[in-house]
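Presented below is the structure to which this report refers.
Each chain carries a letter (A, B, C and D) given by its place in the written order, and its residues are counted from 1.
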Amino acid sequence: MIRVGILGATGYTALELIKILIRHPQVEIGALTTRQSGRPAVSQIHPSLAGKLDLPLEDLSPDEVVARCDCVFSCLPHAASAEVVKRLVDAGQRVIDFSADYRLNDAEVYTAWYGETHPDPERLGRVPYGLPELFAAQISEAPLVANPGCYPTAAVLALAPLLIARLVRREGIILDSKSGVSGAGRTPKLGTLFPECNESIAAYNVGQHRHTPEIDQLLGQLAGAPVETIFTPHLVPMDRGILTTAYTLPVGDLTEAAAAETLRDFYREHPFVTVVDSLPATKHVSGTNACHLAVRRVRERLLVFSCIDNLLKGASGAAVQNFNWMYGFPETTALI
Amino acid sequence: MIRVGILGATGYTALELIKILIRHPQVEIGALTTRQSGRPAVSQIHPSLAGKLDLPLEDLSPDEVVARCDCVFSCLPHAASAEVVKRLVDAGQRVIDFSADYRLNDAEVYTAWYGETHPDPERLGRVPYGLPELFAAQISEAPLVANPGCYPTAAVLALAPLLIARLVRREGIILDSKSGVSGAGRTPKLGTLFPECNESIAAYNVGQHRHTPEIDQLLGQLAGAPVETIFTPHLVPMDRGILTTAYTLPVGDLTEAAAAETLRDFYREHPFVTVVDSLPATKHVSGTNACHLAVRRVRERLLVFSCIDNLLKGASGAAVQNFNWMYGFPETTALI
Amino acid sequence: MIRVGILGATGYTALELIKILIRHPQVEIGALTTRQSGRPAVSQIHPSLAGKLDLPLEDLSPDEVVARCDCVFSCLPHAASAEVVKRLVDAGQRVIDFSADYRLNDAEVYTAWYGETHPDPERLGRVPYGLPELFAAQISEAPLVANPGCYPTAAVLALAPLLIARLVRREGIILDSKSGVSGAGRTPKLGTLFPECNESIAAYNVGQHRHTPEIDQLLGQLAGAPVETIFTPHLVPMDRGILTTAYTLPVGDLTEAAAAETLRDFYREHPFVTVVDSLPATKHVSGTNACHLAVRRVRERLLVFSCIDNLLKGASGAAVQNFNWMYGFPETTALI
Amino acid sequence: MIRVGILGATGYTALELIKILIRHPQVEIGALTTRQSGRPAVSQIHPSLAGKLDLPLEDLSPDEVVARCDCVFSCLPHAASAEVVKRLVDAGQRVIDFSADYRLNDAEVYTAWYGETHPDPERLGRVPYGLPELFAAQISEAPLVANPGCYPTAAVLALAPLLIARLVRREGIILDSKSGVSGAGRTPKLGTLFPECNESIAAYNVGQHRHTPEIDQLLGQLAGAPVETIFTPHLVPMDRGILTTAYTLPVGDLTEAAAAETLRDFYREHPFVTVVDSLPATKHVSGTNACHLAVRRVRERLLVFSCIDNLLKGASGAAVQNFNWMYGFPETTALI
């Protein structure tokens, strides 16, 4: 049994994580933390856990977490997360970090996009990016894994095989992404109030979304040369799900069928990524750790459609998938 | 031209009010107020007014409002509203008050339910309740009208004709009401965050909702004896609309057809209330000032179904309907 | 390994059933049937199963089903279901029937509400009703189980302990129920088209819903005397979930706390029913086999709020719970 | 008073059209047609018109329509519409055609995309395209106007000023469009059933949507040379609204500010098109005839965001705007 802790357990990703871990036969939840005082029962914070988990949320120090847990999932906000994570890793804990803190390799890029001095810059560049479809070997061995962003997951799974095979150009990539509202978090804000965003679609943070450098870094790594995408996130009136419509420029006369075959070959051994014939819908992957991909050739462009559940394959499902790799459990444990 | 002002113009009812008043041929909007500083353009606060109304929201004193307006709509919160309204009425303004401050006749009941000492208790009991279907004569003459609550509007329009005609008993009335989320206002709160209330229905404030004494007072007035309803509000994942399912005990062997006929007769001259044969849906009245009613006899109960748009017939549409009566304009002006 | 078959595998309950059975360690899916020709892949009918289950839907005869399966879940429509089920049971198959065919004890009541002559009237009254919280002993031994209706499940779980303990009266029960749209099935109809029912709530089938005799029969059995409820179903713009607001007349001065304690005691050993303190929301049980209950005393009435997921505890989750009881597996297998 | 008729009055665009025409001071509705028999009351087909319009839907011949009306709005399907429209126009009626039949200039292109021989090919190329922001002069004089498609309206209003001014290139235009479900019509289909498309987003008809040639023809006309866009429509879980995210390649070093100024200048006299600073949301134009536009420069691309209500500016609002131009009424009559 692995005793796990969850730091910052009040949000949506923590809730999904708890739901999965309850089903995991090798996991015991040892600690749930919050900065709120009063040790609220987890079912007060997450009413859907009533009758399922009887634990309090506690305001614990890193030392207390270390004492109780073997492995820690950090759902803390960026910068705050690395502050704690570095202490946990230094103390020998294995950590899966949901924040962006260890995703970027370059502390200056981090500062440019997140407006903070990185609290643990020496580790940057040595922490594997938690996409087992690409980096399983490094994840297996790692004390610390950077759990990917939701948009980067959808984009990178769509494009990695094509960029690696040099079937699409690294220039001119447009990522038109659509996300459900849970991606904006659980802190009450005007923009995510029901009567504001229901029955409406709009773009947001155009040209300024913090997942941009993460996407570009990953795609650049895979393409072997810098990539600068045009990434446009949109908010869709639904709880969860991301659809990314990726517009790429094919090299040569790449057909739809050849592109689909390349994707199928690449993901043949990866149980969570499926290439489908019909156009994927976020509903088809909602509540699962799956990613559905499809390709279409339209005039001079090759379009790749990529659907994930932003809270699962885009966050908590991926985290448990990483956990399974780290501890040698079957990749799909608790995720089917 | 009547110059009107709107106090507290940042919320949903104010937005709907502005949209209606823009269409009103006899109205000029003279003032929009807010406690926010910086004189924001109305289109910054309400982006749907971009290109339609070019006015700032201003932090104005009551005197400034009096100087600029003939008639004032107050969308201020309870207690705060009466503080200002009494000064405006004393200064000779005509006022339509959206708050609950002048709806209850008894200052003690007000204090019991709203937890505040009433700022203007002498006026209570002399301010007409703004349902023109029942009180048009008083509204026409009044300097001040208490604009009704949304739930009371749906309930009272459903039951008034039957209680007045003594066709249903005043005991045992159950009001199971379902409302869209805009009824909860525009202040960000966890409970009305999209991922919390979307794809979900729940009851709230059971036994404690502040519209209870308002409903009981009105129905009691019409029945000629005290009424104590069981009123249960529910939150429905939709922007707007109220459906009240009213369970009543018929007197004698009242048939469905006779009950429907009573309602039809009562509302024959009232353009906004329609008795329909099929079961009404909130969507059929959404965006309008209409109320749709239907009756069904089920075993020993007579059920009345009542649908309104909570922001229109339940708030801003009713306010303009009252305004039209106060100034002698055709009742439907700007409301069709 | 139990080889199971699913008859009528194209609808929403079949999809949910398949998702659960894929996770069940003791189950192998042996047959999926449809009347459609062409042996479509299950992922063509249910795209969310792409990459998860690679089986065709086949137009099989009962004999072919018997040859391939140990246990059959029938998702066929009423009347059609009993036609096949009687042949399967006669051939020694164990069957869980999703239709209403074996829920009512009286063939005349069946004909009155379903407009059909019952195809297998001799079995009526001897088939256990598949609510293990009430009838686990009978279910364990049964060759055939009548899987409950979604509304009856929510209503009966709410009221059973109180009626059995004679804490509420069997007269005057009002059930105001609200359901998500998946309850209306997957056949395209105007009323469940997105732009018709989205952003709207309405009652439907008032006084005529076929779950009425089922609710009355069950509650009557528990109360030891006839029960005639007023049952009013409403359609809510959400995929799934039922909230039933039950209005009962308490016997004596039953307090809220005492009623809650009675419910808690009754369900102490039942993992899927939880009595909560706050008002339950359908979202809190969505995607699970849980039922959340809460009570409130309002004036002379005791209100019980009951939430389930109509497709899970209201259909496919309950079916697997019954299956687990029938085969001696832990009740929660594949359902956590 | 202009007596108007509406052909094919059962769908969503007809409903919106009726709602607007009821408010129009110069209009009397003389005929509503359907192929359904039985002369159903309009409120049976459109319950939201109960108490507002008391007319039957009738199965009328073109001659009967001519006898009763001065001007006809045709909401018939493509091909069927031109069959009737040509007879009406030949008989001297003025017609606004909602179908695609008179939008394309080339009968062969029509056949290629619509799979039908055009019933009235001689008129093609001489019927003005009903976007008064571009073609008001022709519309004013025309006996017949081709009411635009919803996607073309959003796309053309976004790009026309920039293409005319040669500020963006005609090559490489990508139109990622998102539409509410009402755009798919009122005929029950699996894909637009609530539980299928709610809580989901997906692309559809990629590379094959019939609005493609219409967009290309219009943009090509404005650019003075052929345009071949990549147009990708998506279905969004909301009733109404279109957001088009247009990715263009600017000519030279076009700034965001300069592009916005070009749009503002172009639409200065056009009351329904507003250039906004913040990113537009479909909700801000829902229920109105407005189009909100905004521009953003991201790396080498200029993005234009365009929001309309697909049923109003994308259909029935535009139709009445055209009607107002045709009869010399103020453009905004009945549309504010």
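Here is the rule we use: a residue touches a chain if its C-beta (ideal position, glycine included) is under 8 Å from a C-beta of that chain, and two chains touch if they have at least 3 such contacts.
What you are looking at is a predicted structure, and each value in this text was computed from that prediction instead of being measured.
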Topological distance between subunit A and subunit D, in contact steps: 1
Farthest chain (mean CA position) relative to subunit B: A
Chain centre separation (subunit C, subunit D; CA means) in Å: 45
Computed distance of Cα centres, subunit C from subunit B, in Å: 40
Rounded Å distance, subunit B centre to subunit D centre (Cα mean): 36
Residues of subunit D whose C-beta touches two or more other chains: 180, 196-199, 237-240, 280-281, 283-284, 286
Residue numbers on subunit B that touch subunit C, as the complex places them: 174, 176, 178, 180, 196-204, 206-207, 228, 230, 232, 234, 236-241, 243, 245, 247, 279-284, 286, 296-301, 303, 305, 307
Parts of subunit D lying in touch with subunit B, wherever the complex brings them together: 22-23, 43, 47-48, 50-52, 199, 271, 273-274, 276, 278, 280-281, 283-288, 290, 292, 336
Contacting residues of subunit D [partner subunit C, same complex]: 12, 180-182, 186, 188-190, 192-199, 237-240
